[in-house]
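Scrolling down, you'll hit the structures one after another.
In the two complexes below, chain A is the common chain; its partner is chain B in one and chain C in the other.
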Partner chain A sequence: MSTEPPAGSTTLAPAVQLSGITKRFPGVVANSDVDITVRAGTVHALVGENGAGKSTLMKILYGMQPPDEGTIAIDGVPTAFASPADAIRAGIGMVHQHFMLADNLTVLENVVLGSEPRKGLGLDFTAARARIREISDAYGLDIEPDRLVDDLGVGERQRVEILKVLYRGARILILDEPTAVLVPQEVDELFGNLRELKAEGLTILFISHKLDEVLSVADDITVIRRGTTVASVSPADVTARKLAELMVGSALPVPELRESTVTATEVLTVTGLTVTSADGRPVLDDISFTIHAGEVLGIAGVEGNGQAELVEALMGIRTPNAGTITLAGRDITRDSTRHRREAGMGYIPEDRHRQGVLLEATLWENRVLGHQTRPPNVRGPLLDRRGAKADTERIVAEYDVRTPSIDVNAAALSGGNQQKLIVGREMSGDPVVLIASHPTRGVDVGAQAAIWDHIRRARADRLAVLLISADLDELIGMSDTLAVILRGRLVAEHDPATVTPEQLGSAMTGAGREEG
Partner chain B sequence: MRSLTPRSVLLGLIAPVGALVFAAAVSAVILLATGHDPFDTVDAMATAAQRPRTLVNSLNTATSYYLSAVAVAIGFRMKLFNIGVDGQYRFAALLAAGLAGAAFMDSLPSFVRVALTILAAMLVGAAWAGLAALLKVTRGVSEVISTIMLNAIATYLVSYLNSPERLAVSTAGSNNIGTPKITEGGRVPGFEIEGSSSKVFGLVFLAVLVGFLYWFVLSRTRFGFELKATGLSESAAVASGVSVKKMVIVSMLLSGAVAGLVGMPELLGSSYSYSLNFPVGVGFIGIAVALLGRNHPIGMAIAALLWGFLFNTANSLDTAGVPREIVDIMQGVIVLSVVVAYELVRRYRVRAEQRAVGHALGRTKTAEEVTA
Partner chain C sequence: MTGGGLSVGLETAPPKRGRRVSPMVYLIAAVAGLAVVSLVRVLTGANDLTSAGTTQAALTAAVPLAMAALGGLWTERAGVVNIGLEGMMVLGTFGAGYAGYQWGPWAAVVFGLLLGVVGGALHAVATVTFGVDHIISGVAINLLAPGAALFLSKEYFAKAPGGGQKQSPPIEDAQKITIPGLSDWLGTIEGKHWFLLSDLAGLLRGVTTQLSLLTVLAVLLIIGTAWVLWRSPFGLRLRSCGEAPAAAESLGVNVYRYKYIAVIASGAFAGLGGAFLAVSSGQYRDGQTGGRGFIGLAAMIFGNWRPGGLATGATLFGYTDAMALRNSAAVHALLLLLAIALLVVAVMQYRSGHNVLSGVAAAIGVLFGWWFFASDQVPPELVGAAPYVVTLLVLGLASQRLRPPRMGGEPYRRGQGA
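Take a look at the complex of A and B:
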C-alpha cells in the first residue's frame, strides 16, 4: 500500500481505502473482509439490503466503532480513528439519515453548534455567517443562515446537515440513506447538489438501497451482501435489476397485482373522519373513503401528514373528533380496539417494536397478542397454550419465519422475521380488512416478496386492504386505488395503472394541486 | 414460563446464589471491621436454626412476607409499583380485627367468622389500593406517589381508630391498646410442632393457595396474558385491544386484596388483636422479597423463607454479642446485589439467545468460527 503523499503524483491516491475490514458482533451480521476503494472527487455508492452491514461499515469509517481487523487509509495515509472527532479532523463528515438539528435554533446557530467561532470571550457570528454564505454559494446549497430550522422543509434541512459537515472542513462526505425522507423532486435537487460538491473536488460516499437513484448519481458502486463486498461495478455496466440481484444474490420480486379482484361489497367505509391534536390543530381533516372486498387502497404521502393518526383512529387507538367508521355495514366508530379486532380487523403496525410485538415474550406468546380473545389461543378465560403453540408452528412454517424454535423471545429474531410473524398472525382468523402500515419496511427482499404474496392471496380471497407505504413502487404496484394524503386531507386520487412515481411525488408535496 | 433445562435452571439460580455469597462476604468484612468474629455470628445463627421454635417462627413470619410479596408482584408484572402494600395491610388488619373482635360475631359459626374476617380484610385492602388506581386512570397520578401518600394517611387513620373511644380497648395492666381479643371461634388454629412453644399458623395454607392462584392466573389465563403484555409494552397492548385503564384498576384491586391478607396469619393465628405491637413494615419487606424472588411464585417463597429466617435469628445474635443490625445490612446488600446480578444475567441471556438463533439459522459466524 502506498504511503506516499498524494501531492505531486500524477494519479491521486484514493480518498478512502478500506482493506480487509472485519467487525464481529454476537448474533448480528457484521463485516467480514470488506474492501472498498473510493476515488477522490467521485460519488461512490455503497448498496446493500437492510442489515447487510452498510451502517456498521460507515460507523467504522466515521470512528464510532473500531474494526476488529483491517486498515483504513485516507488519501493514501493509513489512519486509525478512536472517535468521530479523529475522523472529522481527517476531513470526514457524516450526514445521518435522521437529522440532528435543533428546530428552535437558526441555521447559523445549528451549524456552529459544537464548533463556535470565538472572538475574545464572545462568539463571532459575523464571521460564521459570512463563511456559511460562502459555502452555500460555492456548492449551490442555497441556504439562508438566519432562518429558523423549524421553518425549513425536509430537503432544506438536509442541505443544512451537509453544510454543517462542510463547515467543519469535511472533504469526504458520508451520506447515510439521504433520500429515504425525500420525495422524488427533492431527490433530484439533492443529486444536483452532490454533482456540484463533486465538481469542487469533494468525495462522496453515498449509502442507499434505492438502485435507480444510485445508478443516476454514482460514479462507482460497491455492493455489500451479508457483511462483505460482493462486487464493485460501474453504473454504465449494470442495470438496476442486475444490481438488485447482486444485492440479494438471487432473482428479484416485483410488486404487482395481476387481475382485479375488486367486488361491489363495501367492507370499510369512512366518512368525514376528523382528528384534532391536543393543540387544536386538525391532524385528520374530513377523510372519506370506501374499501371494497378484494380491493387494496393505497395511501401515498410524506410521513407525518396524518397517516399514523388515520391508522390509529381506524384501529380504535385514537378517538376521532368527528366522522364515522363502518365495517361491513356496522358502525364501529365507538367500538373498542378489541371489538374491532374481533370483528375482523387485522393490523400491521408501522413500528413493530412499539405496537406489533412483545420483544421479551416468546414467539407463541406474540402469536396470542392481539388475538387473545379468540381460538385457537384461548378457551373461555383460559389460555390455550397447546392451541396457540400449534398455530404458531403453522405460521412459522407457512410464512417462513426463520427461527430455531417458537420458544425463543421475539427479540432474538431479525426484523424481517418478526415482520413475517406479525403478517402471519394478522392474516390468521379470517380478517375482513387489513390495515397495513409500511408492511415491508426494513425487511429483506425475500421477506418482502413473501409478504406481497400473502397480501395478494388474501386479496383474491376478498380481503379489503388499506396499504400505507413510503415505498412508491410498492404503493403503485400493490394498490387497486391510490389516494394521496397531505396535511391530514385526502387531496388526490390516482389510477395505479397509469400514475408515475414523479406524479405521485408532486401530489404528495402539494405541487400537483396548483396545476390542477 | 420457560421450559426447564439444566442450563436455564443454572442461569436462574446463579444470580440469587451469587448475590447471597456476595452479601455474606460483605457482611463478614463489616463484622471484621467492627471487631466481631464472622464465624461466631454464623455459629450463633446456626445454633438458633437448630431450635424448632426458630424454624416455626421463621415459617410464620415468611407466611406474611410471602403474601406481601405476591401483592407487590401482581403490580410488578405490569410495571405498576404498589408501594402501598404496607398501608393497605395495616388498615385492612385493623378493620378486620375490629370486625372479628366485635361481640355480635360470637353467635356465628366459626367458619363464617373467619371467612368474613378474611373477606373484610381483602375488601379494605382492595379499596385502599383502588384509590391509587382511580387517581392513576382518571388524573394520571403516578401510583408510586399516591400509594406512598396513602401509606402515611393509613398510618394516621390507624392510630386515630385504634384508640379506646373507637375500635380499641385498653389492655389491663399494660399501656398497650388494641382491638378486643378475638374469641376462640373466630381464630384459625395452628399446628403443634414438637419441641416448639409456638405453633405453625393455620393460614400457611392460605399463602400456599394464594401462591398457586397467582401462578395460575398469571400464566394460564387470558387476564394474566394481558397483564404481562401490558407490563412488557403498553403501546403493543393497546394496539392489541387491551384496555390499559381496566388492567390498572383490576390489577391494583387484586394487589390490594392480597395485601389485605398480609396481616391475617398473625391476627388469626397468634395476636388475635390489632394492637400497638402488631408487625409493621411488612409491605416494604414484600418489595424486597418480590425482587429477590423475581416475581416467581416459588422464587418468592424461597426468598420469604430466607427473610423470615434472617429476621428470627437476629435475636440470637444479641446473645452472641453481635449487633443484630448485621442482619439488616445483609438483607440490604442481598437486594442490591441481586438486582445487579439479575440484570447481568438477563443481558447475558438475550445475547446468548440471539447467538443461538443466529447459529441455528447459519446467518452469522461466531468469533471462533471466523478464526477457525
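Take a look at the complex of A and C:
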C-alpha cells in the first residue's frame, strides 16, 4: 500500500503545470493548446495513441525543444528551459524510452557522467560508489555500481536510468513508455519502484498507451489525442475500455471474424517439418498443418516455443532438417526466400525494425524491398522509380499511413504507421499466403483496428493466413482454426468459437493437456 | 507489491563472462612466451633473438609506433576514426627536422608535436564541425602532409649545411641513461647463452643501457593516458563521446568540445611519434615514416583500444621491425617462432569453438614451419616485409574478441539521438 501524500499537498502548487502549449513542425502541428496539471507527489499518466504528440510534449518539458506558445510552471514558478541542463537544474529528470546508456561503461560511469564527484584531478570513485549504493538502497533499486551495463538485463538498465536521474537530484521524473520493453514481471517490479518513489514525495509523469498498466499505477490520467488534451480523469472513474475510446475518439475495435470464408482449396501444406538448433536440439518437431484459401490459422504459444523458427522455415530464412512445405501444389521446401515471395508469400515479421523496414530509407524504397524483382517496382533490369512511388502513394492512401510524404525516411513514422506500411507492402502483388507474426505488436488501437480490417478483407479475398500472436484475444477473434505450439510441437487444436483465453493459456503452458 | 517471491522462475542468470584477467595470468603468459622464444633461440643458435642490442632496437622502433597508437586511442575513444595519423606523423618528422638541427632534440620534439596538432586540428574541423566522413578526411591528410613536408623541406633544408632537398641537416640525439654496474653484470649473464636466464638478462640489459629519455617520456605518456582516460572525469566524458554521444549530450557533456580535444591530442601524439622517429634516426628524411602511422593504428586495434594492449602491440611490431633491420639469420629463426605462435593460436581458437579460424591458423603455422625447415635464410627482399606480415596475421587471427567503441566512425550531429 502506498502511503498518503505529504499532508496538505492539495494546497501546494502543482509540481508541473503546462498551459496552452503549442508546437508546430513543418507540415504538422505536434501539440496544440495542451493543458496539464500534475499534483506534487503523485503518479500522473499521460496516455494517447502513438503519434498523438506525447513524446513531443515531454521533450518540451525536458527542454529539448522550445514550445512555440504556452507556458511551463514548475512548483508554481513560471520557467523556460533552453536545454535539458536547465530542466535538470529545475529538478526534472527524464527516463528515455530508448535507453541512453553506454554499454561498455560501468553502471557507476554511466550514472556519474557529466556530474562527477572529484578528488583532486581524478574521479572520486569511492564517493560515487557510496552515493549510488545509498540511492539504490533508499529506493529499493538493487543496483550494483561496478557492473558493466552490457551485462545487465532490460529491467536493470531501466533502474540504472532511474538512478541516473535521481543522482542528479530530480524531484520530477518523466518516464517515456517505460513498460514497452519489459516483461510482465519486470513491469510489476517497476511499479513497485514507482510507488516507493512516490512515497518519498517524488512526482512521476508516466507516458504510456497500455491502459491496464496506467489504471493500476496512476493517480491522475490525462488523455491526449491528435496533439491536444481531450480529458483529465481519475482512474477510479474510468475503465480501460472508456479510456481507450477517449484515446481513439470512437468506439473500440473488436477482433472478430464474420461468416466463415474457408474453402476446400489447400494453399499451404506443411508436413513433418523439423528444425534442429546448432546444438542438435529439435526446435521444431514434426510440424504438420494445412491452410486453405480464405482461412486464418492461429498459432498460440508462449514465446520461444518455436514460433520464430517456424516462420523462418516457412520463409526460407532457415533450412529445415526434415519435412516438406507445399505452396499451391508446388514443393517449395528448397526454394530461396525470393522465390517463395515471388510465388505469392507475404510476410509481416515480428520485429519491424530488424526485419520489416529500413529505418534510414524512404517509404518508397521500403515499398520496393522484397518486391525488387516485380512490377511496378522494376522495368527490365532497372528500378522503376515512378512506378514504385505511385504504388507507394496507393499504399499510403489505402492503408492510412500517416506521413508528410513518401520521400521521408521510415524512421520518421510512428510504429503503427510503419506497421501499416509493411502490411500494405505485403498485401501488394497478389499474395496467396500471408505469414503474420505479431502483426499488431506495439501499435496503437487505431492502427490495430486497421490491420485487423485488412486481414479480414484479405481473408474474404481467399487469402490463406498464418497468424502468430501473443495477444490471445486477437488470436481467438481472428482465427478460423487455432493450434497451440509447445516446445516445438503442435500439441492441441481448439475451436476459436468456443475456447476461452484461460483454456488457451493453460494449453500453452502444457497444464491443460491431460484435460484434453 | 515487489515481493521477492513474485519474480521467481523468470529470472535468468546474467551471463558470467571473465572480463577481468588477473595480472598473474599476464605474467604467466609473458614468462611462457619468453620461454618459447628462448627455446627457439637455443635450437636455432640465433642469439640475436633476445640480445640487448635487439631489445634496444626494438624499443627505439616501438616508441614511434606506440605514439601513433596512443594518438589513435585518444581519437577513437572519442568516436572519431583517424587514419590521418600517418600524415600527422609526417608533419611531425618535418617539424622535428626543422627545429632539431637548429635548436636541439627537445626543440625538435616540441615542433613535431605542434605540427601534429595542426594536422589534428584540420581533421577535427573536417570531421566534427563539417561532418566529413572520417576516412575521407584522413586520406586527404595522408595525401596532403607528405606533399607539404617535401615542399617545405626543399624550401628550408636544401641550402642548410648538411641538408638536402629531401633531408634535413643532422639532429643531435636526446640524452641517454645507463644504469652503471647493473648493465655490465647483466652482460656477463647474457654472454653465457643459458636457457631463459640469459634471455631475461638480455632484455633487462636492453632497457637499462643507453636508454633514451624519449623512450622514458613515451612510457610516461602511456601511463598518463591510462590514468587520464580511465580515472578522471575528463576521460570518462571523452570515452562517453565514443560510446554513446547522444547519452553524453543529454547529461550536459559538450560532445563537440571533447571530440575536438581528442582529435587534436591525437594529432599531437602522432606528431610526437614523428619527432621521436626523426630524432632517433638523426635527421628528417622524405618518406621516413614508411606507414608507421598505419601500423600504430593496427597496434591499437590489436590492443583492443586499451593503453596496455597498444603498448604490447607496438612492442611486438617494433620487435619484428628491429629484427628485420639487424640480422637476417634472426629473421629466419623468427619463422619458427611465428609457426609456434600460430599453432598456439590455432589450439586456442579451436578450444573456443572457432574451427575455421583455427584451421586457417594451423595451416599458415605449418606453412611457416615448413618454410623454416626447408630453407636456410629468408630472402632479403622479404625481410623488410616482416612487420607487415606479422601485422596482417596478428590482426586477422586475433581480432575475434575485440570491442571497439560503439559509435566509432559515426558522424555525430547534436540532437540527432534525441
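By definition in this document, the second predicted complex is superposed on the first by the 273 of 516 C-alpha atoms of A that agree within 3 Å, B and C clash if a C-alpha of one lies under 4 Å from a C-alpha of the other, contacts with A are read in each partner's own complex, and residues count from 1 in each chain.
Note that a contact is a pair of C-beta atoms (placed from the backbone, for glycine too) under 8 Å apart; a residue touches a chain by one contact, two chains touch by 3 or more.
Being a predicted model, the structure only gives us computed values, none of them experimental.
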Who does A:Gln185 touch here: chain B (first), chain C (second), both, or neither? second
Touch test for A:Ala361: chain B only (first), chain C only (second), both, or neither? first
Which superposed partner A:Leu121 touches (first chain B, second chain C, both, neither): second
Look at the residues of chain A and decide whether chain B or chain C touches more of them. B
Who does A:Asn321 touch here: chain B (first), chain C (second), both, or neither? neither
Name the contact category of A:Met64: first (chain B only), second (chain C only), both, or neither. second
Examine A:Pro349 and indicate which partner it touches, taking first as chain B and second as chain C; both and neither are also allowed. first
So, does A:Thr276 touch the first partner chain B, the second partner chain C, both, or neither? neither
Which residues of chain B touch chain A once you look at their complex with the stated criterion? 2-3, 219-226, 228-229, 232-233, 235-236, 238-243, 350-351, 353-358, 360-361, 363-367, 370
Seen from chain A, its contact residues with chain C in the complex are 59, 64, 83-85, 88, 94, 96, 100-105, 109-110, 112-116, 118, 121-123, 125, 140, 148, 151-153, 164, 183, 185, 188-189, 191-193, 195
Can you tell me which positions in chain A touch chain B when the two form their complex? 22, 24, 26-30, 32, 226, 315-317, 336-342, 347, 349, 354-362, 365, 368-373, 378, 381-383, 385, 402-404, 407-409, 411-414
Mind listing the chain C positions that touch chain A in their complex? 1-2, 6-7, 10, 12, 14-15, 17, 19, 227, 231-233, 236-237, 239-240, 243-244, 246-248, 250-253, 403, 405-406, 415, 417-418
